[in-house]
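Worksheet: the structure to be examined is printed underneath.
Labels A, B and C are assigned to the chains in the order they are written; within every chain, residues are numbered from 1.
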Amino acid sequence: MSAVLEVRDLRTAFPSSGGPVPVVDGVSFDLNRGEVLALVGESGSGKSMTALSAMRLVPKPGRVVSGSVRLDGTELLDLPVTEMRRVRGARMAMIFQEPMTCLNPVVRVGEQVIEAIQLHEDVSKAEARARTRELFVEVGIPDPEARLDAFPHQLSGGLKQRVMIAMALSTRPEILIADEPTTALDVTVQAQILALLRDLQRDRDAAILLITHDLGIVNELADRVAVMYAGRLVEVAERRALLSDPRHPYTQGLLRSIPALARPGEALPEIPGVVPSPDQWPAGCRFATRCPKRIDRCDTDFPEETAPAEGRRVWCHVHDGEGA
Amino acid sequence: MMGIEAYVWSNAMTGLLLVGMLWAARVVRGNRLWREAASELWRRRRLAILVVGLYLGIGVADSIAWVGGIPEDAVGVLPNAPLSIIDRLFLDTREASYSAPLASVEFYGGKPLRHPGSHLLGTDILGRDVLYMVFKGARVALLIGGLTSLIAIPLALFFGVSAGYFGGRVDDVVFFLISTLAAIPGLLLLIALIMVMGRSTVSVCIALAVTGWVGFCRLSRAETLKLRELDYVQAARALGVSEARIIFRHILPNLAHLIVITFVLTFSGLVLSEATLSWLGIGVDGSWGQMIDGARDELSRSPIVWWNIGAAGTALFGLILAVNAVGDAIRDVLDPRTMRGSE
Amino acid sequence: MSDANDDVLLRVSGLRTWYPIKQGLLRKTTGYVQAATDVGFTIAPGETLALVGESGCGKSTVGRSILRLENPQEGEVFFEGRDLLALDEEALRAARQRVQIVFQDPMASLDPRMRIRDQIAEGMHSFGIGADDAERGERVARLLERVQLDPAAMDRYPHEFSGGQRQRICIARALAVEPRLIVCDESVSALDVSIQAQILNLLRELQDELGLSYLFITHDLSVVKYLAHQVAVMYLGKIVEQGPTERIFASPAHPYTQGLLAAIPSIDPDRRGGAPPVLGDVPSPSDPPAGCHFHTRCPRVMDRCRREVPSLVPVEGGASRCFLSSEDPPENH
């Protein structure tokens, strides 16, 4: 598989009175054609910021400080703003967590998708409308013709998200970035959207960068998984391998603390402590203060990347092949 | 110059003001959130704060008055009249009529002055030093802004918070009141009130308060409506806290930042309103607005007498600019998001 | 369940909370948001009942109605033998001591301008717990320790704490007045998974130690399995199924419960990619479908469901609001 998106040593920081605060601190990974890569982490891990950095949509006053993001060979971080705008939407599309805030409430939804199409391609309004209608069918919106003229407030959360997905796919992008696409939706609707994303991905052979904190969603959609903690990657592996044989203590802890796996009558295994904020990042491994497997070296030396098996990357001094 | 009894009032008020400021300073120092806000404010707007402080100092100096202690042969002073610090600084500086800034002769006629070259901003038609008049105007401006707000803000809070918190009939009554007041053209109401109450500083302040409290009332009502639904207010109700206590311990402190911002930002509007009233002839004596109004004739003279209006206008501009700069910074600093810290 | 006061702490029956929709200049009532209809359940001392459902099902409304933070039109809420809905202001304030609530949003649950100590002690003032400031301060310190926070936290402000820590503070605040029942309204939904586990463990410990009961409101069924003894599933304002936790998970009787359980994404690497069990969107609670509220999305809908309203019928260990349950015994799925 060839890489359609190559991220190398990406660093993004926010200024503060005490100096720049890095939220993405040296992240490198590949997204291959036709695969779904899940970027997993809890709040403060930097996963959303990584995706926004790749799109060059980091909210001010933050900025990408260094690193490289190559889309099919083109270095995105060097592009002039007008060029980048052409890439965004046409070659890289993003769907967000809250469909309510991403759709303009005073414009009909069909119109918004048509606008997105016409922005990037030279087609007539009628053509764009026909394509939008097809997209609505593809994403499973019932009664698509009527829905073209609906306003966002007339649609449910699930339908709005389908519209967002249609808008993102309208220009046939090479990459789709989905930032917590189902977190704001009910569980039954989430199941529908996950199934939809699965079908779309398979039919279009699309590359998807999926940002989520939910390992269940990871299992449903992802081919490969990258786990982030406090701004850096801690483990990258193929889905099945990560879920059945996690190597990094953080991944192990995460899997264990999922309530669904709890045995009744026992206390839920927990990861004690809290995620350190950037001004409290220790010199060594950032997970050391909460890690059950910590050794002295973890406090002083940041673990280098190791490759314990084919396709696996782990950043830990202690993992040496242990299972969950 | 002040009336015989008013100076006692004025001294007392000034004393009260200073005590009030010391108390506020103690509260700010004791509460970490406010302390951090204050030092942030100082960091951002040092110059503007100093300028406001300067005006404040001059106004206070003009508010402290006492009788006696003046030489026998002072010109143009009633014996036993209370004189403020500013009055004493400019004692016996009267000329006969106009003179240009730093001139040594009268403007019309060229007769030599009593104190040649010492009038920094010249003298007005009655020969009074213009700088002295500007200083006296500072007190008036601060009084207008301060006293009016002191009346208007509690009024607005009382009605606004009641309407927002209790809703229902209370809200309807307040809404009716606000709408009625807002429907009357402000300037006309202002003029009518001053005519009825007579022309004094206090009546102008009351009139301005009555016509001006509606805006803040709406704002505090809207904010109270929002706060009332927040989880921590619901939690307080669940914890059995009485309504009164909820209002005083949860609602009002979370409105405090709005109060400060409103006070500072409406201050300049009030001073300008008084200038308009002076132009209509019903303002407060000794205000900059009155100086500007008096300049109507002066500007059409030949050669032109510009220093009166120039000084008053500049003083007005300076205060309003400084207050607005501080007010904008206060609004940024007291924004609940920044006050909440690292969210 | 018998109604003897010893083994029933809370008994809710026939609860109906509807919000009027007012439109137009004269604010005429044009309809109602039927947030909760005919809701009834019991909670025993030391037990947790989970109230589960998706958005618009009314679970939060039920929780708040019990505390009379909302005003139900009908129904009874018997707590410690007295109907909370029938009490006057004075008696209600006194009764509130025994029923507390922990909200979902850790940011909005604490007053940003009050110190932690004052917020936890506030309830103590209302109910006369603690003779003076010093004693109240002592109690606050003990409470903070009990929720595993450093007592020095009491002089700090909410913004200095993380989401999980704030929830601990909210729990401490609820415990300060020595309640017997705590309504947890989506209390862990806004927290990260690893923090969730900490808070759930804390809630369990407190329950074991103090004999607390919980009404645990959530949309997350996996959390329910760990904490709850009994589960009640709500859909569009009505309870559609009720029963002990193990039974609900092992053999759910109502098609909605079945769909809800099947919709949870599994982390078992061998199980992925099923068809979504429930199609369509949740209808609006201001205009619920006729007959059985769930019939528009039910994979096993019958003609009868469109016309008649099912009532709760007993099934093994609980109840289900479905014609299929009254016709044949629940099958194992």
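The criterion applied here is as follows: a residue touches a chain if its C-beta (ideal position, glycine included) is under 8 Å from a C-beta of that chain, and two chains touch if they have at least 3 such contacts.
The model shown is predicted, which means the values in this text are computed figures rather than measured ones.
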Category of the chain touch graph - line, ring, star, complete, other: line
Winner on C-beta contact pairs when A-C is weighed against B-C: A-C
Intercentroid distance (Cα basis), chain B paired with chain A, Å: 55
Interchain centroid distance [CA atoms averaged], chain A/chain C, Å: 32
Chain B and chain C, separation of their C-alpha mean positions in angstrom: 53
Set of chain B residues in contact with two or more other chains: 342
Parts of chain C lying in touch with chain A, wherever the complex brings them together: 54-55, 162-165, 192-198, 200-201, 204, 219-223, 225-226, 246, 259-260, 262-269, 271-273, 275-279, 281-282, 297
Residues of chain A touching chain C in the complex: 42-43, 156-159, 186-192, 194-195, 198, 213-220, 239-240, 243-244, 253-255, 257-262, 264, 267-272, 274-275
Touch list for chain B against partner chain C, complex: 32-33, 230-232, 234-242, 249-250, 253-254, 256, 336, 339-343
Touching residues (chain side chain C, partner chain B) in the complex: 64, 67, 69, 93-94, 96-97, 99-101, 103-105, 107-114, 119, 122-123, 125-127, 157-160, 170, 173, 177
